[in-house]
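In the two complexes below, chain A is the common chain; its partner is chain B in one and chain C in the other.
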Partner chain A sequence: MDFLNAIVALSNFVLIPAVAYGSQLALGALGVTLIYGILRFSNFAHGDTMAFGAMVTILFTWWFQSMGLHLGPLPTALLALPFGILATAAMMLATDRVVYRFYRRVKAKPIVFVMASIGVMFIMNGVVRFIIGPEEQSFADGERFIISARDFRDWSGLDEGLAFRTSQGITIVTAVIVVAALFWFLNNTRTGKSMRAFSDNEDLALLSGINPERVVMITWLIVAALATIAGVLYGLDKSFKPFTYFQLLLPIFASAIVGGLGNPLGAIAGGFVIAFSEVTVTYAWKKVLGYLMPESLEPSGLVQLVSTDYKFAVSFAILVVVLLFKPTGLFKGKAV
Partner chain B sequence: MKKLLMASAASALMATGAYAEDIKMGVLLAFTGPLESLAPAIADGAELAFTEATAGGKFLDGTTVTPVRADSTCIDSAAATAAAERLITADGVKGIVGAMCSGATGAVLANVAMPNGMVMISPSATSPALSTVEDNGLFFRTAPSDARQGEVMADILMEKGITSAAVTYTNNDYGKGLSDSFAAAFEAKGGTITINAAHEDGKADYSAEVGALASAGGDILVVVGYVDQGGSGVIQGALDTGAFDMFQLPDGMVSVTLEERFGSDIDGSFGQIPGSPAAERFAEIVGGAFDATSTYADTGYDAAALILLAMQASGSTDPAVYKDAVMNVANAPGEEIYPGELEKAMDILAAGGDIDYVGASAVELVGQGESAGSYRMIEIQDGKIVNVGYQ
Partner chain C sequence: MSRPFDDKGYNRDASIVNPKGQGELTPGPQHGKARPAPGGPFLIGEAMTGGYSKSGPDILQTCTIAVDKGEIGVIVGPNGAGKSTAMRALFGMLYLRGGSVRLDGEDITELTPQARVVKGMGFVPQTHNIFTSMSVEENLEMGAFIRKDDIRETMEQVYDLFPILREKRNQPAGELSGGQRQQVAVGRALMTRPKVLMLDEPTAGVSPIVMDELFDRIIEVARTGLPVLMVEQNARQALEIADKGYVLVQGANAHTGTGKDLLADPEVRQSFLGG
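Let's look at the complex of A and B:
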């Protein structure tokens, strides 16, 4: 019984939140890594692209809600998601036309692209705040829990509750579907192959007749979809507030770099590494150990490695260690 | 002989009784600086008290009061000192309502008020350090020390029989100060703090924080944060994971947002915010002249009223004389005086009676002369914030 309690407590406070958070980071990091692999720059505007996509989705969600449209137990936001993706895709293509295409034509250095993307970030930042405001917005509806802590406790007779939110379930399922679809696309379709070829060696790809503008356009479309999905899932699971998306940029880049920039598989692994390290290293093990150990050995302190204040420091410590010993990331990405 | 009698009678009157004069009062507030948005309402509150107290001509036989505003800034102690110096030497004020921020207040008190023997009543300086500062009995404040709410919280928990609490605080001076003062007071009363951990505002994900809090356990989670920031995130996480279902909510957490976000999920949780039963009466006498609910507007009114009442009680405008009367008029025994009753108070004092000034912020001076603070107790019942009394 104690053993079960320990497992439940651990899943409730560490495993489930970390898996959901990891999936969101992985989707965000995939977008960053695709842009780095194909367009060859670090897109600092990614966090705010997520915010933009989530914002459009929220506006559509509100509209649907006001019309009485809903998906039963599932959040209405899923219905609005395709519209959010379309709007974000249009916005990304417009940005590319107005900003990045010029720098591609003059063959600007990557750092110039990065600076341009910071500019885009600030503009997007402003646009999102201008349209929806800087406050927190709630748009989640439908059933809140798949399993609620209280129900689980009653059902199992354990002391510990286990909560599994609908948004967490949707996040994990969607992440799996999206990642599978993306890998199938990259590995099995002609366009996907041409994207990978373009990423591996631009000159060779051009020689073999791949149209670079098309590759770029498709990359932006995929990135728009990934960013919007990541943004909406994050907003559903936590809450939507433009500022938090801006702050998400750090863990997302940490994930992408730890996994290996430019490597999609690495982005996913990196997302989970960062999420798990943030949650587990700062977790206070008192409760779990209390269940597992005999009474005489029960810890009186919190058994917390570092305080939760250092949550972000943990992911950056991992980032530094990885960069020191494996500069291309866990899964061989491009050198940073 | 008749003339002599007349003259001596007249001089006797001059010597003993107060006579009508025109005095000036300093209103030394941070009209510029980080708190400049609060200062005008405080000054308006103070000046309202001056006007009200002197309107009927009962204050010291018809003495009139002219307020003189001066800028204490909030962060520039040198500027505050210079402004106070000017008030005393150039304007010849008989008392000062101010200063506003704790740092400036301490500087003015040490460098100007004490050397000149000037009475200061601050409506807004809340630093616990001012509770023990050396002041020669010249310094009072109508705002409670930051440490006070922590004690009040510890008292409430003890009354409810809760002996172990987990604390999370927003990582800034407010959060740290309040959580520390609460933890100290709670432990002194025999309670156990299982964990006292910070959370950062503006994050969307608090699962790591909630995990640590849940592991530490406790009968209740004390959330020293902001309802529009991390505080709500932590509560949401704790509710979702079933870690806590009862919360203690200090002032930063009590707002309608709480009802909108959590509704009856947090039924039974309770909290407190500064507030007094007289707030409505204060709003009434203010009318629409300025925003009566603006922070510290009520304590500004009370600070000004206390000075004039102390002058009336001691029959003198000399700070060295009336400073000893401040505590008497502010506290029991005596007839309770609410906002809008200053004239009545003047009558009672003139007749040699006793008053217990309640004022807009339920003034009760403790210690060296600082407000004990009045808190409005709330409880969440059926998803609504319900008033359950004052303390």
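Let's look at the complex of A and C:
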């Protein structure tokens, strides 16, 4: 019984949250890795792009809620998501037109793009705060739990409850669908293959008649969709606050680099590595160990390695270790 | 012109920038339309004069290169003679101050390189001429990107020409040997069903045996009626298979003739075939 209780507690506080968080990071990191592979720079504006997409989705959600539109047990935000994606896509294409296209024309070095993206980041940051404000916003509605802790306790007869929130379920399902669709697109469609070709060898892609501007445009569209979905899922699961999204940049980049920049599979693996490390290191293990260990050895402290305030330190530490020992990332990326 | 970001120590952090696979081609200033210009050889760059920048020195001096259907044209010459430059000029990657380029009865001097691909120029660069991360078959598919019709037949023809590629069709092209990579590169160019095939040093860095095999294949391609124009470092072997040979010296035509004539020409032999 104690062993089962330990497993349930572990699932409730570590496994499920980490899988959900990992899916969100993976979606974010996929966007970063696509930009890195195809446009050849690290897009520092990605976190704020996610914030922008989530913001538009939230505004639409509020509007739908005020009109009485609901999705029943599912959050209304899912209904607003396509509009968020459209708005973000339009915004990304406009940014590309105004900022990045010029640097492509003059064949600027990739580092110039990185710097430009930092500028875009600040502007986007300001725009989001200007429109929706810097405070925390809540927009989740619908059924809160798929399985609530009490239901689970009643059903299983265990002491420990297992809660599975709707937002977590939606996150995981959406992430699986999006990732599968993206991989199918990249590996099986003509356009997807032309994107990989462009990433591999720009000159030869040009000699093969692939239009670079079209590849770039499709990349921005896909990235806009990925960023908005990641942003909305994160907002549903935790909460929406522009500053948090800016901070998300670190774990997202850590995920992309740990997995191997430019490698989509790596981005996903990296997302889960970072998420699981963050959650396990900042989790107070007292409860789980209490079930597993004999009473005499039961820990008196919280057995929390690092306070949650320092969770970003975990991503940072992993990032440094990976760059030191395996700079190409877990899956062979293009970095270094 | 100072370009500080090119210096060593700058811009080296691959965790924020990805210089791999970045475009290095510098298209010329051309951006016009093709005009009809009937007559003359199938592909000809006539009296081409120009260099790599608007105001820079002229690397080519009234240089003429031509090739007809079913022929193999070979450009040879000492290092720095402007062999590759001449090929680039034909492909629209040079600032031409004089001369014209005509293909199949059309004046294409003002076309961009991309537009020339559509017009039927198949170009195989000397290096970075395959998509290393993609499979052999995907490489060929990408070669046929501009085509909207069924490409399977052309792909079969390429596989018949290079049987080893059929065997390795699902392997990443980057894992192949040097000679096989060159076959992929030529195959990719053939997939567009070009009207003329231009090869920039196809045998650079491959062993003599592989080189002979590649030349055999190139002859085979030319026999189908497709004109082939190539720049070659291995002058003697290349001239042996050439219908037309161009010896360039300092960006100008020094000797022109059939491959056999050039091989027999004492002056050519002495000056750079090594006696």
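Please note the rule applied: the second predicted complex is superposed on the first by the 327 of 336 C-alpha atoms of A that agree within 3 Å, B and C clash if a C-alpha of one lies under 4 Å from a C-alpha of the other, contacts with A are read in each partner's own complex, and residues count from 1 in each chain.
Operating definition for what follows: contacts are C-beta pairs under 8 Å (C-beta built on N, C-alpha and C of every residue); 3 or more make two chains touch, one makes a residue touch a chain.
Keep in mind the model is a prediction, meaning the values are calculated, not measured.
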Overlay done on chain A, so just call it for chain B and chain C: clash or fit. fit
Partner chain(s) touched by A:Phe64 [first = chain B, second = chain C, both, neither]: neither
Considering only the touch criterion stated at the top, classify A:Ala18 as touching first (chain B), second (chain C), both, or neither. first
Taking CA centres, what is the chain B/chain A/chain C angle in steps of 10 degrees? 140
Just chain B (first), just chain C (second), both, or neither: which does A:Thr308 touch? first
Answer with first, second, both or neither: which of chain B and chain C does A:Phe331 touch in the superposed model? neither
Looking at A:Phe272, would you say it contacts chain B, chain C, both, or neither? Reply first, second, both or neither. neither
Contacts of A:Phe52 with chain B and chain C, given as first, second, both or neither: neither
For chain B against chain C after superposition, the smallest C-alpha distance in Å amounts to 25
Under the touch definition given earlier, write down the residues of chain A that touch chain C in their complex. 36-37, 40-42, 107, 109-114, 190, 193-194, 196-197, 199-212, 257, 261-262, 323, 327, 334-336
Contact footprint of chain A on chain B as seen in their complex: 171, 195, 197-200, 202-205, 207-212, 214-217, 228, 233, 240-243, 261
If you look only at chain C, which of its residues touch chain A in the complex? 5-6, 10-11, 14-25, 113-114, 117-118, 123, 125, 128-134, 138, 141-143, 145-146, 188-189, 192
Any idea which chain A residues touch chain B in the complex? 9, 12-14, 17-18, 21, 135-136, 138, 145, 148-150, 153, 161, 163, 165, 234, 238-239, 241, 243-244, 247, 278-279, 282-288, 302, 304, 307-309, 311
